């Protein structure tokens, strides 16, 4: 039973990583950049929902909608102001700018919402589901998160795989110049990518704060890094990979703590990651693109 | 033909001279200012960390700029160097009373341990490409942090005692805990000085520039530009990747020792992802592969948040904005145009010189 | 008025002045060949027309519209298609996906028909339609790049060395296709190293030398021009 | 909000130039910013009060951001030194304070930290004093109280193993628990990068039948632990230390979750004591939130300085070094009554002795046990 | 004994049999062509010869030594150098440094000498400069020695690649479509250069080319691949008049 309990905890934690990782991977897959500010957009999403429900007294769903709208606009604005001018620059330059944006968002949040943590009230209400006479508990947030993850994953896969804009995104990620020669508006395509990624970040933010209800200006950064790790673990750029990577990372983290050592759990989690990447250098579900010589 | 060659060589030589020149000039100016009492404690306190970060930036530039692999865990090597250095100086406190010498020995030990860590990470990991390598170095940095965090190392009359996770030894009378788990290291004798920092920078510069301008360095850059082609002309990709990575780790280790010996207290948590990122920022802002750019960026960006203290609460916000603006400027057409103008003038000068040379001949 | 008019364009790569006051024009329905040695600036010219490179001064006019400062994708939407040097196929996309990308600007309903047309011209592409484009052989990629450009049913087609890397059999094939396309009403601007072949199907030609247009005339005249024969035709 | 006034607000005293320059460093940005800002605000209130009184002792206060980092703390300290700091409030968190303490020691500037509680802070420095309990003292006290009040014998601990504060208390607690006949059945940790999910730790405590869970951590992760324990239906006694103070004022927090939580805190914002009430009121007016123990400690520090300076007959024109000697003399001999405890005295090592109080949360309020 | 001996070589990519049952022999000092339609498997043969791909079956021997299972850099050290169909230069390095990199295993000094710039460093670097400039001048590239390699026009990049390959002092030089992107005059020049190189450096050459003027002009012997299999072999005259070759490859 304790095994199952741990498994469920692992899935809860992992599904949170997964939902963040989906946004990471989406942006990485198309814009080929590690958007280190993604975690901070998540934080903004959390605050928006918090403000809407706590200060304005809106119902939870309206809070979520507000978060999505604000984050989408924010994501596009960031892209426009900070990343677009660097389209021709080496990808590392964009990475550093993303870090600057991350600092910016954190410190702006600190000025707006102060350093005092806020306790977030979950947007998913209702008691946990208990099984086996209460020995197993599955919280509703977990169910909603897993469900949301799967829906988003499938939607993203259909979108990038089948839709016209989706294929255009893949073309842009391969070769911006050639994509332009196909008549694709590269800037718009990347903007759309950021809009989607940031909208996902808002949802992730709300769910993250619902599952782990404290909110601070730094709330997004560590889950952001973990989710980035998860995305790579699953094969960066791969949408199902982000899901699998996220959930597995959560499970590994919980199992490492439960069965080996809480003191060494960080080392174990990252150690497993390294070993997996050595065996599967493109991540669990990453496509192996062998370069034709 | 000879002219071209000498032009290339002289340009390379000039870059080298420029790097050394900047460092030495800065050193002399600062020393003069200190002697004249014209430098604030704030700046004085920053001198050694700046030196450490400069060395970090130069060494990371080897991995990112010269080898072309993104590393997000460089602070891990700094950490190894820092703790190895602390243990060394603590143990040698009586054996080598002369502080600078003790520091030098500690740095060498720090470099050796960091290089060892570089080999341990590098051998399996350098097979990965691009962002996978980045994530693994990040993971490695976190692992080092976690391990140092649960490491207990003490010394008494019987020698060194060591344990992981739990302190399972008792120190005899007069014993001293050197690394005390999460509590880290306290009461370090501060023996790093600005002079030692500058010497370390010069040594690093000497080796790194020599490295780049040699057969080995060219092989590493070839690997960076095109692995398949490098392989096809007889350059072992893994060998040279590892070599550059380990050399880079060793210098990070020395920087770690220098850094640690400047503070009375050090914890593993200092050398986390954020520090790795900070150094990466120096490297990218200074220009990939551009050594003296790294020096200036590291110094400037370490100073910047301190100089912004007057802005109080808006300090880090402004810092973030400045960082973004600098990155944008660095890659903007404005800067390109400025450089072009300068380049145009140089070109003209060269042409003129050539012409007059011809006429003279 | 000419369909495509290039007037006094100047292009720099940093300090290198790659194009100096290049001017030429392409009339509707023509095949115009642009020839010149390595590094003469042919690729640069095409890149400038389709907006991949900016020009300092000068204008590019397409069907009466000034497209000098228009972004690349907007130019393509006007009916211009460019087969770039080095093929630039989307390596991670399959052959079929690459072809569909070619028809990005066109209504979905017309795609199957165009696909059929391309597959007929290049049966090898149909055989390999689900292979990742990056693993195709060099020549196969060249076919794909050509097919992709045809998918957009352009009014003007810019070709940068379309015969490079193709077997002799296929070189003949490609030039036939260019002629076909031209007969069907598409205007063609052709950059070729194989100047003889290019001029033999072209109406007019321009010769570029170190970034300047140094000669122009009817293709048949150029074919018989001694200095050109010596410099570019290998006779 | 806390952001309303500037970080280095050097409050000019009425008689400018005739004020003691008081400086401190703390995390005003970054993850630990709550603590830094609380200290800064608490000290600010005390300084304003004292200056308004217009007595002989006037202060000028300067708080510099150290981001919770030892390196930055030294930078911040040097900035204060350039400003002419005569008396120091050290740093807010332990590791940075250890770093600045080494500096104040060699520069001979007296320092009294509101909240840096590690032993390393004061070790070997005659001019470094603390207003809060040292970590081992809290560990010992906690074990003593638990045994004394018979709160349970099977103890689970959840602590943060990349944090000096938490580790310091934990280590001593485990040692002391043994001698007091308490059994530590579950001893588990977390770090910054795993500070979200506590299911494993709680499950372990639950399955080992822990009667009490000891939380030597700050209130922010503690609030998550309480929530998760509630969600999994784990009902037990939670026992916290002074870092737990603040949990009731956590915005949006369902305080019913903290019902029955015991904590050792020297400060109770609900106290009806006149001094405390007035402080809390001022703090709420000025900063829009309820002060926690950090704010109160900083407030006390300023008043302790005032008392010591008065006793010593010190004047602002004295050098930092002279003041240092005087302060050492005073602090090792005087008794101080503050918000965080009455009759506080200091040992020559710099550690404070004052009455620890154990409170239990009932109906969203502290009730002394 | 032949210098290069390939026996029933084969490789599959998934279900695709890219090369099948291929046997070839190349004598020392020869200049041999490998031709065939697009996608016939020519480049793949090069990739197997240089260790980039590991053949599924068959054997490769160079001067009697087995090459199968060796890494590309080891094979290079054994004396095989190549150019690539899609050019692969060290794009950030100068033209000169590209060639000097090719000299990596030819003129050597130790890591310590690299780091300290002592010992034979200066002498060896000078030797390298001279050798590299000499190679560049063979291809008429000495005037662009200081350029960033990526900034060269296509044709010059091709030449630079050959110069770099030659710098490794190979016994066997593999050229993958060296004349692609060159005009007839430049091709002519290239033919002369190849001849010069062969004489001056004593290398054996195996080249892939679609330019029949070059192939018939300089190759002494030809192998024709079609769908991965050997379709014909012989002197250019024989092969190019072979009806099957005409049908599958030349057209008309």
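Note that the chains take the letters A, B, C, D and E in the order they are written out, and that residue 1 is the start of every chain.
Quick note on the criterion: a residue touches a chain if its C-beta (ideal position, glycine included) is under 8 Å from a C-beta of that chain, and two chains touch if they have at least 3 such contacts.
Molecules present, by chain and UniProt name: A, B = Branched-chain amino acid ABC transporter permease; C, E = ABC transporter ATP-binding protein.
Since the structure is predicted, the reported quantities are computational estimates derived from the model, not experimental observations.
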item	value
Longest centre-to-centre distance from chain B, chain (CA-based)	C
Pair with more cross-chain C-beta pairs in contact, given A-E and B-D	B-D
Inter-centroid spacing, chain D versus chain B (mean Cα positions, whole Å)	36
Distance between chain centroids, defined by C-alpha means - chain C, chain E (Å)	29
Intercentroid distance (Cα basis), chain D paired with chain C, Å	73
Where chain A and chain B are represented by their mean Cα positions, the distance between them in whole Å	32
Overlap residues in chain B, where contacts from two or more other chains coincide	142, 145-146, 149-150, 228, 313, 316
In chain C, residues with contacts to at least two other chains	135-136
Multi-chain contact residues (two or more partners), chain E	43, 52, 84
Partner chain B, residues of chain D touching it in the complex	3, 6-9, 28-29, 64-65, 69-71, 74-79, 81-82, 95, 98-99, 101-102, 118, 120, 123-124, 161-164, 166-168, 191-193
Of chain B, residues touching chain A in the complex	64, 70, 124-125, 127-129, 131-132, 134-136, 138-140, 142-143, 145-147, 149-150, 165, 228, 273, 277, 280-281, 284-285, 288, 313-314, 316-317, 319-321, 323-324, 327-328, 330-332
Chain D contact footprint on chain B (complex, rising order)	40-46, 49, 142, 145-146, 149-150, 181-184, 186-187, 190, 263-270, 306, 309-310, 312-313, 315-316
Chain C-facing residues of chain A, complex	164, 167-168, 170-171, 174-175, 177-187, 287, 289-292
Contact set on chain C toward chain A in their complex	50-52, 71-74, 76-77, 81-82, 84, 88-93, 97, 100-102, 104-105, 108, 132, 134-136, 148, 152
